[in-house]
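The structures come next, written out as structure tokens.
Two complexes come next, and they have one chain in common, chain A, joined by chain B in the first and chain C in the second.
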Partner chain A sequence: MGSAGMTGGSELVAEDISVTFATRRRDAGHRALAGVSLGVRPGEIVGLVGESGSGKSTLGRVIVGLQQDYTGTLRFGGEVLAHRRTRAQRRAIQMVFQDPYASLDPQMTVWKMLEELLIVHGIGENREARRARSEELMRLVHMPPTLLDTRPAGMSGGQRQRVAIARALSVGPQLLVADEATSALDVSVQAGIINLFADLRAEIGLSILFISHNLAVVRSLCDRVAVICQGEIVEEAETRAVFDAPRHDYTRQLLAAAPDLP
Partner chain B sequence: MNGAGMATRKTDGPAGAGGERASAGQAPLLEIDRLCVSAHINGQDWRALENITLRVDRGETRGLVGESGSGKSLTLRAAMGLLPGSLSVTSGAIRFKGRDLLADGGKAMAAVRGTGIAMVFQEPAVALNPVMRVGRQITDSVSARRGWGRRQAREFAVELMDQVGIRDPKRWVEAYPHQLSGGMRQRVMIASAIACGPELIFCDEPTTALDVTVQSQILKLFSKLQADLHAGFLYVTHDLSVVAEFCSSLSVMYAGRIVEQSDDLKAMVQAPVHPYTRALLGAVPRIKGPIQRLRGLSSSAPPLTERSQAPTAPLAEVSPGWQVAPASPEEVELFETGVQAWEAQA
Partner chain C sequence: MTEVMIEKKRAGLMSRIGRTGRRRGNTHLLIGAVIVGLIVLMAICAPLLTRYGPIDQDFTATLQGPSWTHLLGTDNLGRDLWSRILFGARTDLFLATVAVAAPLVIGTAIGALSGYFGGWFDTIIMRIADIVVAFPFYVLVISLVFIMGNGVGSIFAAISIVSWVAYARIVRAETMVLSSTDFVDALKVGGLGSGRIVFRHLVPNVVSQAIVYAMSDIVANIGVIVTLSYFGMGIVPPTPDWGSMMADGQPFFAGGYYGLMVVPAAAVIVTSFGLSLVGDGLANVLRVKR
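Moving on, here comes the complex of A and B:
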């Protein structure tokens, strides 16, 4: 039933999402998200910018299914995503985290990491097929397939993040949620990863929700931008509109604070 | 020749490559002269810093920029006398107002630390003592030097906290670091750095851990202090946009050496000469102007043990106050093609 809807591009629609974290005091708790709505169309790259504590990561976690305690509705390709998702639904939306040093097992070769996932998800009928698929994934993230048999320990931060992206892509997602995926990287390496995201959209039609605190990075990659502040989206528009003619005070404040080259 | 009033020793060959401004009569505030630092790894010596030559004058704000492994923080640590045990200065000099800080086994360094040179670190949450009230941390060094009592120190702490833009300082002077926000903690650290009235302030990524709006406030505070104190700043960061916002001059490091530096940051950023500087600037995403595909590099710098051990040629002057390191054909190739060459293997 669900798998048919997972082929071809699917649109993500998040409607009126709220998340409240319990606090130790006997009050209403901390409201991390207050009725947020956001959509990501097939093949679109949407930026979600905000400062620490704005709720941007919480929204990402709700969309991927890591934060199951929320109210509101999530739809993907027309289907409502229940709090417990089907395997196909879980595969369709994958996540890349900030720190490629923490998110990869240093003891495992890249091939073992990828093969494990392919086996769990029943992708590739035998070892050869899985190996071929892994090599294809490496090419997709612009890594030499020869690195499949190495461990992340000997890799640079940029290479590790590429491996993390290959892992997320291994189960064939349509939407990638990237949470500060370039923030821990050097500028020149960050540029390579930003270009990779743009290429992945062009090559396999991947949709991306790109969560970041860095306005300049968001501007260079995203088609559309949502600005989030204290659990609410205060402005959402085409990237150019947000940067050239911001309408909300908070957006203007953020833009004025962002440093830029002369 | 060099050093009128202040310089009392060290007359042997001052200011080699960076000597173009030495004729000004007064010794520069900070002069790092052909500094080389070695790392001892598995019984072998590796060059971690190679002929670092730079200077900071009174009232100057110099940015020292590079990616991981470039040696920017190491340069700062060496200048502060805070090198870890496995690293040592093999040659070169670090002069503060003409006085060699590496002479007499670090005593000269200890004498200027705090009063002459102060440092602001990246992580105020780590650098501050969690169990000491912030007011006392700010004035600890001054009180010790001037023999102040508690009342006097507290008054001065309130004054300094006010100066660094902490609203209602009387309320916060008795607080502990965990009670403050990240931005306030950084202001506390800046207050303690300026407590002894330093002439030179070293900054090591002081805004990297902060939100953009807070970062912009801290940068404004630095500009204000620079105007008030007329201190020199050596500002280390990986973020070129931040440096462009605050600094007037710029040095760019790559793999343990300076590849390009200029007294005029704007001119250099707009027309970089060294292929690495060009690649680095091409990788920086912008807030304004046309949106272009960024340039990237496969990795920021080779590890220490894989670097060329051949001695490097000195920087060449392209125009007064603007020096560039010569680049080998391989380096030109690497930086011009960037990721593309590396991707081609895939």
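Moving on, here comes the complex of A and C:
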């Protein structure tokens, strides 16, 4: 990937992260995360699994900077991430969302979306450079660069999610948070996106925090898995260890509840 | 696999609804555009379409019926009705359109910001909106007319003060719906500033609803202008306008000179009908494809 970063090499460390959402009643509020610690090493794919409401998405939002109301410490490459991040810090951690139908602006062509981000972040000195980089991004997510000039309306879910990934990669992140990035897609399309994530790690050394409730997908993609339950990480180990010899009851329940794993 | 089938079925259904909807929208839009287009064209070309000025009086030819010299007849001062309708269209349509444009722009901006930021900003804006709407409109207009004197300025001010609220509410609601999806979060993560998110991404995606409403709002504005002028609080005579034409013709209605009231009323109705069709058609055509 061009000159603008994406070298990888920074480790994310989240320490003792807590998030409490205010509730209408005058009680203590709903505790979404209760002192969670998690690390993602350079080039590593970490799975974060749990039921809906377990706090896994909230942790993703804290890491990417969308949830600014939290206690605890986030470090990236040794640097503490303040609640308001610098532009460079924001670029370093990007996100891919669940619904590629909602997350892309239907009024804009892919090229316009990518160009806007490149301009805002001062990447590429002129139009030609930005266009070249956009074409490179499209190839990186295995999309024909000719689709740059089309709008997402005509695209399939899988294609849209690839565009969403290209957009996330455009600013040169080192860590990608994928929040249920494959769960809105058809099974056959899911496999393609999973392979793309694996390729991206291999090609540009991207680290990925892969948030999912789909255990089969997590098993095939991730190096390490953290299991989250009611705002706490109850188990964290190498993927094989978690699946072959789960130590926590909740993990066993999750595995038992999953439809037959391939 | 069932998900795939449901997805396909839904896609098929949506496209079918979309297709018929768009076709019906196009018919409405076409008919409406022809009507409105003709009226606008006639208003613009008014001097070419009549030999008489709208305020030229001819006391040798008062209260005449339709004839080849006076297409729609004349009023009690011998003014040509056809000419007054044409020039009245200029006054009324122009003012109604201008009085839509300003609230559309202002209301859209306020609504989008309010929906995007939420919190205390949103609360204040919406309370102001409530107050404005709760205030009786014609009382507001009459007070403004007393302060500013009657005429175009007062009407424009009165309509603008009130009607931005509708646009702000429409756009705010649409913005909030869009903000609750991944749409805005994806832009924030990309590091885009609030101004850019609101005006380059949110507004283009929600403004179509406001534009559709604007079409019916023009109709409402014509109603307001004509009503005010009819009651002598609007357009200042002798400037031709459909409302004051009706007021001028009223005393002669009982005497059998129906045209003096019916002709301007018909002009209002046909114009409103055309604009409503345009609005209806636009509503179908502008539906954002996702």
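Everything below uses one rule, namely that the second predicted complex is superposed on the first by the 252 of 262 C-alpha atoms of A that agree within 3 Å, B and C clash if a C-alpha of one lies under 4 Å from a C-alpha of the other, contacts with A are read in each partner's own complex, and residues count from 1 in each chain.
Note that a contact is a pair of C-beta atoms (placed from the backbone, for glycine too) under 8 Å apart; a residue touches a chain by one contact, two chains touch by 3 or more.
Note that this is a predicted model, so its numbers are computed, not measured.
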After superposing on the shared chain, does chain C or chain B touch more chain A residues?
B
On the A-aligned overlay, A:F243 touches which partner chain: chain B = first, chain C = second, or both, or neither?
first
Now for A:L48: first (chain B), second (chain C), both, or neither, which partner does it touch?
neither
Partner chain in contact with A:V19 - chain B first, chain C second, else both or neither:
neither
In the overlay, answer first, second, both or neither for which of chain B and chain C A:D186 touches.
both
Mind working out whether A:A153 is in touch with chain B, chain C, both or neither, as first, second, both or neither?
second
Thinking of the overlay built on chain A, is A:A226 touched by chain B (first), by chain C (second), by both, or by neither?
neither
Is there a shared patch on chain A that both chain B and chain C touch, and which residues make it up?
186-187
Residues of chain A defined as touching chain B within the complex:
51-52, 138-139, 142-145, 156-159, 186-195, 198, 213-217, 219-220, 239, 243, 253-262
Which residues of chain B touch chain A in the complex?
67-68, 211-213, 215-216, 219, 238-242, 244-245, 265-266, 269-270, 279-288, 291-300, 338-339, 342-343, 345-346
Which part of chain C faces chain A closely enough to touch in the complex?
1, 3-4, 7, 181-183, 185-193, 196, 200-201, 204-205, 288-290
As the complex stands, chain A meets chain C at residues 61, 64-66, 87, 90-91, 94-95, 97-99, 101-108, 116-117, 120-121, 153, 164, 167-168, 171, 186-187
